[in-house]
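Provided herewith is a single structure, encoded as structure tokens, for subsequent inquiry.
Should a chain be cited, it is by its letter among A, B and C, assigned in written order, with residues numbered from 1 in that chain.
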Amino acid sequence: MKQVFKKIISMFATLLIVSAVVFAAFEIIPGDPATSKLGSNATAEAVARLRAQMGLDRPFIVRFLSWLGDMLKGDMGISYSYNMKVSSMIVDKLPITLVMTAISMILTLVISVPTAIFLAKYAKSGIDRTGQIMNQALMAVPSFFLGILMTWLFGMVFKWFRPGGFISYRKNVAGFVGYLFWPSLAIAIPKCAMSIKLLRSAILSEADKEYVRTAYSRGNSTMEVLYRHVLKNALVPLITFWGMTVADMIAGSIVIEQVFNIPGLGRMLLTSISNRDYPVVEAVIVLIAFVVVLMNFIVDLICRKVDPRIK
Amino acid sequence: MKKYDNFNFKAGLIITAVIVLIAVVGCFATPYPSTQMNMELKFSAPTASHIMGCDNYGRDIFSRVMEGIRNTLFIALGTVAIGTFFGVIIGAVCGYFGGRIDDALMRINDVMFSFPSILLALVIVSILGTGSFNVVIALGIAFIPSFARIVRAEYKKNVALDYVQSAALFGAGHLRIIFVHILPNIIPVLLSAVMIGFNNAVLAEAGLSYLGIGVQPPEASLGRMLSEAQSYMFTAPWYAIFPGIAIAVMVLGFALVAEGISEDTVKGGFR
Amino acid sequence: MMTFKKLFRKGIALMLVTMAVALSGCSGDKAEGTSDGTITIGIPQDLEDGLDPHKVSAAGTKEILFNIFEGLVKYDEFGNLIPALAQKYEISEDGLTYRFSLRSGVKFHDGSDMSADDVVYSIERCADATAGEPLVPAFSNIASVVKEDNSTVVITLNAADTEFLASLTTAVIPKSNDDPATKVIGTGPYRYVGRSPQESIELEAFDKYWGNKAHIKNVVLKIVANPDAIVMELTGGSIDMICRITDTQAEELKGSDFKVLEGTMNLVQAMYLNNAVKPFDDVKVRQALCYAIDPQEIMDFVSGGKGTEVGSSMFPAFGKYYDESLNHVYDRDIDKAKALLKEAGYPDGFSFTVSVPSNYQQHISTAEVISEQLKAIGVDAKISLIEWDSWLSDVYVGRNFEATVVGVDASTLTARAMLERFVSDSGKNFVNFSSAAYDEAFKKAIGTVNDGIQTESYKECLSILANEAANVYIQDLPTFVAIRNNIDGYKFYPLYVQDLASLYFTEK
């Protein structure tokens, strides 16, 4: 319990440093949000006026502390370019990224676990070898290239979905999920290949251990041994991997969103960076960092639960 | 040094060797100048003289893929070099000494680790500006934490071992123990990490240049070619397919080598 | 008032479309009422600089707001200023007093009546100079804005300005609106419904519009941020129409459900040179570049040979000033270019960086071709792609660049808008062009009310720019609009405008 408490403390410490680093990073970035907002016809006075209005003329530390205070109250500020609350913009976009990540994760689990068990069962057979070679090849294909190929093949040749036909979840939930299935698949395939490889070898190495032989000698069937003992232990290292995969998927969605023209968090981050819309950039980055740190924490908790040896 | 003679290692080595060869040859000569434009060859399909066809300016895609591979490889090389160099130093210091230094450095490491590397690179590039040199720095910094973690874990393991204890008893200094005694022992693990690093660097570079960050036109980059090719999927599918395959083959080569190394090193664990 | 007869010298298809509109306008069936249905139009970027019509600066935002807001006058598709919220206007002989009779029965989108108070409020808001330059710079010339009665507004100027009327396209917004940045209320044919950042903006036909009502009830402006995905989105059915696609993309659409209309962008695309930095401070170097670069070849590569060459800072839509002979001041001549470089002290060439905004594919392509062409005279042009934001702050405002490829357009349809920026001490002179003769000619042009002298002086300005090789002038880019076959009525404007109200469905 004390350990868990300590973890939570360090989680928040990490987030605090992340937000300070991000805030500082955008101090030294070239380009000024006021100039950018006023455009090409701005005069120096107008820029100065707007800077004061936006609070950019205050010293760094003052701005950081007031921003941090607002963040803790759940107020993420107002977007420079949209005059909208950053929090409402994020609430608007978050479901897109979350659903996409969730579908990718479900696909990864649903495909990789049975396939890995299957390959492990027939280890060293022809099927296993072919499967492993295919697996190795799929791991090497970048997901955005898969996305382009899928758009072409399934979208334009077979017309199974409309390229770029993203539908907002507010209008049609089924259509929304249906469209996000494709980008999610593109993200999931390489991750799936990695999971299969890891899980297959984890199962095989477990199967070699003493306790498995004991279980067999007690008259348990292969299936019983596999599902009751081997799989449970083989999944422990995979949980850590999947935890990291979630973070990777969120980051990978930045590129995939571009391929499938999805207005998610990644797109918002990219355009906000180029518009120097700092309140949005800072909020999104801190949010992503938060999700990653939280994932690590949850994975840690699960591992503790499953494997009491971990202290 | 061990001898690696499993299938994965050999296959990976051959692929990587071919890729490196293409890149090296690409430094000196390509079948056609990579930026030479020719109106008549616009979107010409693969032929004997242009084996990968031509793009929307009638430039030879094979020459551009060669140049793209070269650029990607150099960026990956720079990235991994930065990542390994700083990763080894930080990891070694943390793992060997432990205590306060370890806590502080690992806290910073965790902060950086909580950014996915492509996101971190994106932020750094937006500070430094685009261009291949900046991408090397950005990705290099983004890659330090993972190297540091691996190296630290290895040092932690080794510090407790007898040979280190005895080296200390014989009066070897800290630096000597870190670099002369322990480092050679973790080389197989490090080598495998380096190859995985290459693998990830190629993917990250391709992703960034797909977003338009990195190598500047008219110089060729595989990711940018893919992005441009999207407009012409119907008329010129070869424009997208060859750069895409080039990326996949590069990644495959590095992955197989890494696989081969760990297969022979990690005994008992995986098989 | 200017007319632009030579506006569309190419594109018979376009002429037919315009005629079709005119014809249907006559028969009257299309001019009536609004048909149900939705059109989804792709736009390349979100309206990122806000929705306050007086404060936005991006051309991409203004062209959409054109449908939501109106001023006392507005442009028609030929570039003429026609009365809009003013029914008619009179200008006094001395050019100092403008008397506007307001149209009656005009309603704002919130249902309230447009009144003289709103007009005065809007103009005063834009003329407010207490915090520096007014929102509309030309309004600094206003001495007074007076509401004479409920339907008459009189504007008095400090000095005569033949081009003042163009600035009265400024949107009229209700005085009662306390927050124009978020409450979008205008008088235009479309009213603003809502938006989702980076996703879409929704408009709806305004049923109480004073003029010809929009034909299509719902408009969704969908953001298509990745220009490389445009063709897929069109053929996949996600969008019904998109403007400014490239020539190659247009070709990709052949045989699909889309027709492609061709027009011109009405801007001057050039490689703008920083005249203040070495080696471009030497006129010979600039001329050498002009001789080495072949606009025709660039047009072949970038726009399928369809652009219109320009030789100075004026595009063909300005028939009055556009001088075709300036296109031939520098015909491609490698030997001459090399000789000039040698004279200037660069016998082996030199190397420089072209900064190009990364969101404009045409400019990037142009820079790529230029870089290839310059190799012939041993000049190495490196390309550096920068964010539009950095372009604004570093290149445009900071003037910290060597060369850049962009298109410069006219904010209002006046020669002054194009040429004022090359006056030595102009705040907009980002190329640092400096010529006493030019300053003289420009001063003469704006100082006169005589049309003949003014035209002559502006033309002199243009030939100075060409002979001094201020920049490497290339082309007025062609623009292609892809529209689904069942939609008609698209109009090209000689300035950055998308008129959505004229679109209609051809079938039920």
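Going forward, contacts are C-beta pairs under 8 Å (C-beta built on N, C-alpha and C of every residue); 3 or more make two chains touch, one makes a residue touch a chain.
Keep in mind the model is a prediction, meaning the values are calculated, not measured.
Asks: Hey, what chains does subunit A share as contacts with subunit C?
Replies: Both-contact set = B.
Asks: Quick check for the class: compute each chain's Cα centroid; which one is farthest from the centroid of subunit C?
Replies: Of all chains, B has its centre farthest from that of subunit C.
Asks: When contacts are scored as defined above, which chain pair ends up with more C-beta pairs, B-C or A-B?
Replies: Between B-C and A-B, the larger count of C-beta pairs in contact belongs to A-B.
Asks: Report the inter-chain centroid distance for subunit A and subunit C in whole angstrom, where each centroid is the mean of the CA atoms.
Replies: Here the centre of subunit C sits 41 Å away from the centre of subunit A.
Asks: How big is the gap, in whole Å, between where the Cα atoms of subunit B centre and where those of subunit C centre?
Replies: Measuring from centre to centre gives 45 Å for this pair.
Asks: Calculate how many whole Å lie between the centre of subunit A and the centre of subunit B, each centre taken as the average of the chain's C-alpha atoms.
Replies: 21
Asks: Listing for subunit A: what residues touch at least two other chains?
Replies: 30, 151, 156, 258-259, 274
Asks: Please output the residue numbers of subunit B that touch at least 2 other chains, ranges allowed.
Replies: Only 129, 229-230, 233-234 qualify.
Asks: Residue numbers in subunit C touching 2 or more other chains?
Replies: Subunit C, residues with two or more chain partners: 226, 229, 232, 390.
Asks: What residues of subunit B sit close enough to touch subunit A in their complex?
Replies: Listed in rising order, the residues of subunit B that touch subunit A are 107-108, 110-111, 114-119, 122-123, 126-127, 129, 203, 206-207, 210-211, 226, 229-230, 233-234, 237, 240, 244, 247-249, 251-252, 255-256, 259, 268-271.
Asks: In their shared complex, at which residues does subunit C touch subunit A?
Replies: For subunit C paired with subunit A, touching residues are 45-46, 48-50, 57-58, 131-133, 137, 181-182, 196-200, 223-226, 229, 232-233, 235-239, 387-390, 392-394, 396-397, 411, 427-428.
Asks: Please give the residue numbers of subunit A that touch subunit B in the complex, ascending.
Replies: Residue positions touching the partner: 10, 13-14, 17-18, 21-22, 25-26, 28-30, 136-137, 139-142, 144-145, 148-149, 151-152, 156, 201-202, 204-205, 208, 247-248, 250-252, 254-255, 258-259, 269-270, 273-274, 285, 288-289, 292-293, 296.
Asks: Show which residues of subunit B lie in contact with subunit C when the two form their complex.
Replies: 35-37, 39, 56-57, 129-131, 212, 216-218, 227-235
Asks: Write out the stretch or stretches of subunit C touching subunit B in their complex.
Replies: By the definition above, subunit C touches subunit B via 226-232, 246, 248-249, 251-252, 300-301, 358, 364-365, 367-369, 371-372, 382-386, 390.
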